[in-house]
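The following blocks contain the structures, represented as structure tokens.
Both complexes below contain subunit A, partnered by subunit B and then by subunit C.
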Partner chain A sequence: MTTYFNEMYDGGQVRPPYARLSDWMASMPADRRLEKQAEAEALFRRIGITFAVYGEGGDPDRLIPFDMFPRVFTGGEWAKLERGIKQRARALNAFLVDVYGRGEIVRAGRIPAHLVYQNEAFERAVVGFVPPKGVYSHIVGIDIVRTGPTDFYVLEDNCRTPSGVSYMLESREMMMRMFPDLFRENRIEPVDRYHELLRRTLASVAPAKCERDPTIVILTPGHYNSAYYEHSFLADLMGVELVEGADLFVDGAFVYMRTTQGPKRVDVIYRRIDDAFIDPLCFRPDSMLGIPGLMDVYRSGGVTICSAPGAGVADDKAVYTYVPEMVRFYLGEEPILNNVPTWKCAERDDLGHVLANLGDLVVKEVHGSGGYGMLVGPKSTKAEIEEFRARIVADPGNYIAQPTLALSTTPTFVEEGIAPRHVDLRPYCLVGEKIELVPGGMTRVALKDGSLVVNSSQGGGVKDTWVLAE
Partner chain B sequence: MLSRTADNLYWIARYMERAETAARLLEVGARIALLPTAVGYRSDWDSLLRASGNATGYAAKYGVPDQKAIESWLFFDRDNPNSVAACLTAARENGRIVRTALTTQVWDALNTAFQEMRQITARRDKAELSRLTDWVMKQAAMVRGAIDGTILRNDGFNFLNIGYYLERGDATARLMDVKYYVLLPRADYIGTGLDNDQWLMLLRALGAHRAFHWAYGGEVTSAKIAHFLILNPQSPRSLITCVAGLNNHLTRLAKAYGRETPAQAASAHLLAGLEGLSTDHIFDEGLHEFLTRFISESAALGAVIHDAYLSGDM
Partner chain C sequence: MLLTVDHVTRYRYDQPVRAVVQSHRLTPARFDGQKVLAWAVTVSGGEMGGAFRDGAGDWVQGWTVKGPVSEIEVRVQGQVETTDLAGVLRGHRELVPPLAYLRATPATEADAALQALAASAAQDDPLSQAHALAFAVAGAITYRPGATHSHTTAAEALAQGEGVCQDHAQALIACARALGVPARYVAGYLFASDDGQPHEASHAWAELHVPGYGWIGFDPANRTCPDARYIRLGSGLDAKEAAPIRGIARGQGCESLDVTVAVQSQAQ
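Let's turn to the complex of A and B:
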């Protein structure tokens, strides 16, 4: 039986950052809790924060469950995380500039060439191109889990279009509205500068041809996308237009949006669509979502696309195992945050180990996301394991495996009262002229008893994440 | 402003107004059904369907006109793009797309209407028609009030109002046309007591029977009512009020943008046409003929507005 680190307790003692929450928890009778929970749900629904799950049908306006019990970090814990996250974001960007340039890290033999150049996410269309300020990934979402008082691991990097930041901001809004006393009693670092930092980050990477205050837009696949709420939320906070592909067009050396007063030039596109849908001329002729000719404008410095096309090669799950190498190679530093030990099924020795220990491992698809297509060995039946074994054997290169981590828990409101549930953390690191990080992130919680999968598509919820001021 | 955003705003207003029209049509229908009439309700409801502009859709789904089925078709049926449920859903969906251009209050009103509609649909068997129509008017008023009370007086506000006035003019014309279809089955009713009762009912359905008496006094005549609903600029739903409102908001747009489009000329033309009319002209042309012409001219103006501002192809 694995024992899990409960972030609230140290043996029988309440850990200092949770001290006041312990009283708060004790003073919350069940009926008040249910009342508050209902209030929170009504607020979320009124604001319209909903999460549509692909392919599940049912209620298109499903709410992502919100847990009122906050997750707390001390200032000291956060300081270390912050350094580690920024270090990682710097290394990932250095790697991207390198692999689309001279490929020094490959020449030096620190990462296998085929992992980079034969990667599906490697974008030949941008080889030799250096984006403004040398930044490929402007918003890096780094998924972190905790297994002990000082043990943090990076589960994966998201260099393309990490979502969920609206939950970080809205969870905080909700908590401040419902429990103002908590914020008077605890000194909690604010997160509401995020949108201002994001706007500044995007403006700082405006293309060289832009000689005025840059016009920024957010490019969304449209209102049927599950993250549409977040797209419109961020556009609103930053005061920029939320556009779809059909709202943009290329004329000569620039990109324009269609407005009621005629065409208006666009300088920075924060895109929330995949590379494949950016420009049908360059990527997918069947795409209805893209802007024909956009890549030509991009490569000639007429517009900046954030994150840059091609950034995905850095957050591939097979490339992930080499991120500590990147930190050493580009920064000459030791990684502050550890990777989870990972076996690559593409490699013969690793594959043997994985197949022999499937019952103890977590197996993931290299390109999968959202908790789909993964096996959690200890939580699976024999039949599920055998079915997955066949899939791995059929296409070993598509899978990696990791030990089942003893994810930390935090107290969570559940039907029976309060119980420990597993959590992870996704902070959002902003990379432009500067590297910035607001003290907080999205804490996801696996609401099902015993579940280790925190993805909202698999029954996960969110919590407010506190960083206490020192 | 993005052309698509302007388009979404314009359609929020049109769908809200259209939901209200569907409810008003139902109200007219319900009141007519309570009247002693030589005609019998079957053909009355049929006429109502024709005035709603979607009789073929109903016929394909239900066949013979039937009061319950028509109520359901006009209120709940999502196969009918003009039903209350379909309009409230579409208005809210357009709102969701342009959340950034709306205030919290406007979104709240749109979203509340949609959420309550879902609850009403879930227990639709218990719903009374008169309460349903009242509920729709209330939701429409909430949205309208939130727009008037909280939205910046910028181009977005103009596009919302353009949508409202265009749809409302169309609706008044269609509701009056029910009068043609339903209320005057035979020419020899004209000018009789029955005729006047029916005109009054139309006024009542438009929420205007008291206003009418204040404005005109004395006997209710078809000429006075036609004047009230078509040519009187005091009447909030008259055709001339709607076209003048349209014209006003298009003029404000042209001023704000420093640029005229064919839409301004088209609305000015439509307004001038109405201003030069008297009720005699209208009855000479024939009320039905006049209304049909107005509906098509108003649709043409809608197309010009679309090309000038909403399509993004300039």
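Let's turn to the complex of A and C:
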């Protein structure tokens, strides 16, 4: 029987950061709780914050369930996490500049060449290009789980366009509106500087040819995209235009946006569409979402694209296992945050171990995301395990496996009252001229009893994440 | 050899289009086998866009044309001094590692027949194997202009048994990658005549990466390796990626294309 670290209770004792929440919880009668929960749901629905569930024909406007019970970190815990996150974001960016340059880490034999250069996400079109300030990944979303009082593991890195930051901001907004007293009684670090820091980060990577206050836009695939709410929310907060591909065009050596006052030059594009779709001349010719000629402007220094095309090679699940090596190689430091031990099915010895222990492991597709295409051994039936075994044997290179982590729990409001549920954390690290991180992130919670899958696309919910001021 | 090039591509639209955006790989890079003496690309009514040398060593130049416009002429004129290096791409500056050229594209996916063709030519010595692969492809696909179109894949061309230089190059690339040999598509010009008359001279071939030599060109269509009659423009994973001109027109107009290429040799 696995024991899970409960972030609020140490046996029967309430841990100090949760002390006031314990009183708050005790003082809330069930009917008031239900009333507040209904209020939160109505608010979320009104502002339109929804997240489509892929496949199975589910309701695309389903709300992500919001859980009112906050998740709390002490200032000390956060200080360590912050150092570890920033260290990782620096190393990932150094790796990207390197592999699109001379590839020193490969030459030094610290990561296998095929893992980098034969990777689907390795973009030949940007080889030899160093983006402004040497940054490829401007918003690094690092998924972290906790297994003990001081034990944190990085589950995966998201270097392309990690979503969910709107949930961090809206969850806080919601809690402050519904429970203002909580914010008087606890000294909670604010997260509302995020949009200001994001804007500053994007402005700091304006291309060299931009000699004025840079014009920034957010490029969205459109309102059918599941994260469209977030795109428009961030554009509003930053006071920048939200555009689609058809709103932008290339003329000469620059990119322009159509406006009612005529064309306006654009300097920084925070894109929320994939590499394959951003320029039909360079990548997929059938893309209707992109801007023809954009890559020529980008590579000749006329515009900055965030995240930079090609950034995905750093967040591949097989490359993930080498991130601690990147920290040592580029920064000459020991990693502050641990990786989860990972077996690569592409390697014969690892494959043997994985197949012999499928019932105890979590197996993931190398390029999968959103909690799809994975096997959680201890939570699966014999038939499910056997079916997955066949898939791994057929294409071992497509899978990695990790031990089933004992994810920590926090108290969560459920039908029956309050019960522990498993959580993870995605903080959003901003990388430009400086590296910035607001104290907090998106805490995802697996609402099903016993479930370890927190992905919103798999029925997970979100919580407000508190970092207490020291 | 001293080669002069005059290459005109004329785009006509049945209705005027609002704008045209193009990306060109139309300028030969310098290496030991070719030295550019003079080179100019013009686009009628065009504005030069961003330009840069990419990781593969090719010069890329963007162009835009403001509409309404119903005809655009892209003209390339230049002079190149070439030396026969038996196909070896010596002294070419590039940064992309050969391993990045093992990836299949839809046009170069090796089906069972291409894999079998590759296996039939497999040899221990990488250089002999490369020659054997080019020879096998030349034997399996007979040169016949008009037999295929620009979207024909390597697998389709082999099944049909006929094709043009693009099909030969893509089939050779598919076979090479099937054996784990990095391979890429090269677009360029060929001085195809000794009679002094101008001939259609746009051409394509493949380069295979051979340990100890680096990239070596193979032209299965002519059963040879590129020599002093060849001018190399640029490369890519397949024909689409290596295309000297990639472009898009904004508007409703239907496009028709007219290309003339003349490559002539001058006495030195």
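As a convention for this text, the second predicted complex is superposed on the first by the 468 of 470 C-alpha atoms of A that agree within 3 Å, B and C clash if a C-alpha of one lies under 4 Å from a C-alpha of the other, contacts with A are read in each partner's own complex, and residues count from 1 in each chain.
We adopt the following convention: contacts are C-beta pairs under 8 Å (C-beta built on N, C-alpha and C of every residue); 3 or more make two chains touch, one makes a residue touch a chain.
Keep in mind that what you see is a predicted model, and the values were worked out from it rather than measured.
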Item checked: Fit or clash - subunit C, subunit B, common subunit A -> fit
Check: With the two structures laid over each other on chain A, which partner does A:357 touch: subunit B (first), subunit C (second), both, or neither?
Finding: neither
Notebook entry, point to check: Of the two partner chains, subunit B (first) and subunit C (second), which one does A:338 touch, if any: first, second, both, or neither?
Noted result: neither
Margin query: Quick one: is A:281 in contact with subunit B, with subunit C, with both, or with neither? Answer first, second, both or neither.
Written below: second
Checklist line | First, second, both or neither for A:244, with subunit B first and subunit C second | finding: first
Item checked: subunit B versus subunit C as contact partner of A:117, first or second or both or neither -> second
Margin query: For A:258, using the defined touch cut-off, is the partner it touches subunit B, subunit C, both, or neither? Pick first, second, both or neither.
Written below: first
Note to self: With both complexes overlaid on chain A, does A:236 touch subunit B (first), subunit C (second), both or neither?
What the structure shows: first
Checklist line | subunit A residues touched - subunit C or subunit B, whichever exceeds | finding: C
Check: After lining up the shared chain so the two structures overlap, which partner does A:296 touch, if you call subunit B first and subunit C second: first, second, both or neither?
Finding: second
Next item on the list: Pick out the closest CA atoms of subunit B and subunit C after fitting on chain A and give their distance in Å.
Entry: 8
Next item on the list: Identify the overlap between the subunit B-contacting and the subunit C-contacting residues of subunit A.
Entry: none
Check: Inside the complex, what are the residues of subunit B that reach subunit A?
Finding: 1-6, 93, 96-97, 99-100, 104, 107-108, 111-112, 115, 155, 159, 253, 257, 259, 309-310, 312-314
Check: Across the complex, what residues on subunit A touch subunit C?
Finding: 100-103, 106, 113-114, 117-118, 120, 122, 124-129, 249-253, 280-282, 285, 292-293, 295-302
Note to self: Going by the contact rule set out above, which residues of subunit C touch subunit A in the complex?
What the structure shows: 19, 21-23, 47-56, 60-62, 64, 66, 95-97, 99-100, 102-103, 237, 240, 246-248, 250
Checklist line | subunit A to subunit B touching residues, read off their complex | finding: 45-48, 223, 228-229, 232-233, 235-236, 241-244, 246-247, 257-263
